[in-house]
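Letters A, B, C and D mark the chains in the order given here, with residues in each chain numbered from 1 onward.
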């Protein structure tokens, strides 16, 4: 993920890791971190669109299943600080969008991830081009 | 839980249920709701003590394992609104504390729960009386 | 739950708790245990009906939302042994069924729980009487 | 992951996805799938070493934190069938091991993943070379 352009002031979702998120190594369990990132992407959508995947699927018949995720872990995450999750769209394809998520605690970069979703018609599960409204919102947020 | 005294202005923890918290019935999966309540109790402790279970266990050698939980579900929870979790201590024993948690969305009471923990010395897993500092903080918060 | 009749040979679902199920106290996190019980109830249904909640909801338009859960925790659960979850229906009402779940590891009773669900028409979310087929299967399994 | 050598008969961990693993799109929530893979890697270790991460950390002072994970999703996962998770070590470095996990349901490849862990001394959190016993077990399992 190194070398990719990064927005000056990306959307940031904050959450506090809990006791139950941690494993006996006293750090957040690896398996929880992809879910933290998905929560941050959903918060990004809510912030920019006014609704997340739930409303999009149920009220707008639009799904966004994931086709890939890639994560690098650099430092442990704990419940001692808020986790700040910066989120932005890094690339738009015809039907797909790739989000980057960076997780920081107390100034330290803990992990980075890339998550690619495709747009679908929820009722038929068929791919569809990125809806015009979504493209109009996302395109200006892709850093160049 | 009906009939118990209720504080006028309990601590409230807010969280937004996510897409991934929901099941195919399009409501938050029952199994997630006890965890929401534990997150709210941990936020209550952080608010009133300055730290939650993680710091309490690691830095203060004090554990708080659960001995019981009881929940009634009254209305479904969804990602359409924030979930407001009111938390207060309902009863202090010699070694135990019982928390009540009430979950509300958009003005509707969705669930209530009672959760009882005992204080332990974390390193030995042995019960201990409620520490004096904890009793001093919790006792005035028990509604009468 | 003490004093309730108990079947001689209840259905038992086995699972192995994982590293990620545990918290820094080196025991399974309390918030995971209700989900273990729900997994065991779903396995009970699959065993006795041939399908669990997913197929019941999607193919048979029948939902089973929970109205209450009550759990007592007696001994910690760890990943050192399989967890044996005994499940049986303890009580049938007009629209509701109450399941008991007992969790044992290496011969030790770790927790007991009671979980009450109501039958609904999934598409309308309205309560319905226990379907005749379900009553015919469940009634003989209630210990007397 | 295409083009990598694949063992003829890898270790396979089976699990049944549950109702609560699924989201309102009626498929297993993406955020659950990395955890399924970690469960399968832990089962692989238990099978080949006689213990998983929990015993390894607590009894053998050996940790295995993750440094990266990469997943491609090809087909949805549901509770209608068991999920078969094939696991094998694809590459051993000096301190790291990379596992491949393939998930199949009813004959269909649903996802593939690569997960890299480093060996650490658990008590100090410092990297250590792959222990000799671990290398002796893992090396013959790397397909060539």
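Heads up, the rule we're going with is that contacts are C-beta pairs under 8 Å (C-beta built on N, C-alpha and C of every residue); 3 or more make two chains touch, one makes a residue touch a chain.
This one's a predicted model, so the numbers in the text were calculated from it and none came from an experiment.
The pair with more inter-chain C-beta contacts, choosing from A-C and B-C, is B-C. Ranking all chains by how far their C-alpha centres lie from the centre of chain C, first place goes to A. In whole angstrom, the spacing between the mean C-alpha positions of chain A and chain B is 28. Chain A and chain C have Cα centroids separated by 34 Å. Rounded to whole angstrom units, the spacing between the C-alpha centres of chain B and chain C is 23.
Residue positions of chain A touching 2 or more other chains: 19-20, 22, 24, 26, 30-32, 35, 38, 54, 57-58.
Within the complex formed with chain C, the chain B residues making contact are 24-25, 27, 30-32, 34-35, 38, 54, 57-58, 63, 65-73, 76, 122, 125. In the complex of the two chains, the chain D residues touching chain B come out as 19-20, 22-24, 26, 29-32. Contact residues on chain B toward chain A in their complex (touch as defined above): 16, 18-20, 22, 26, 35, 38-39, 42-43, 46, 52-55, 57-58, 78-80.
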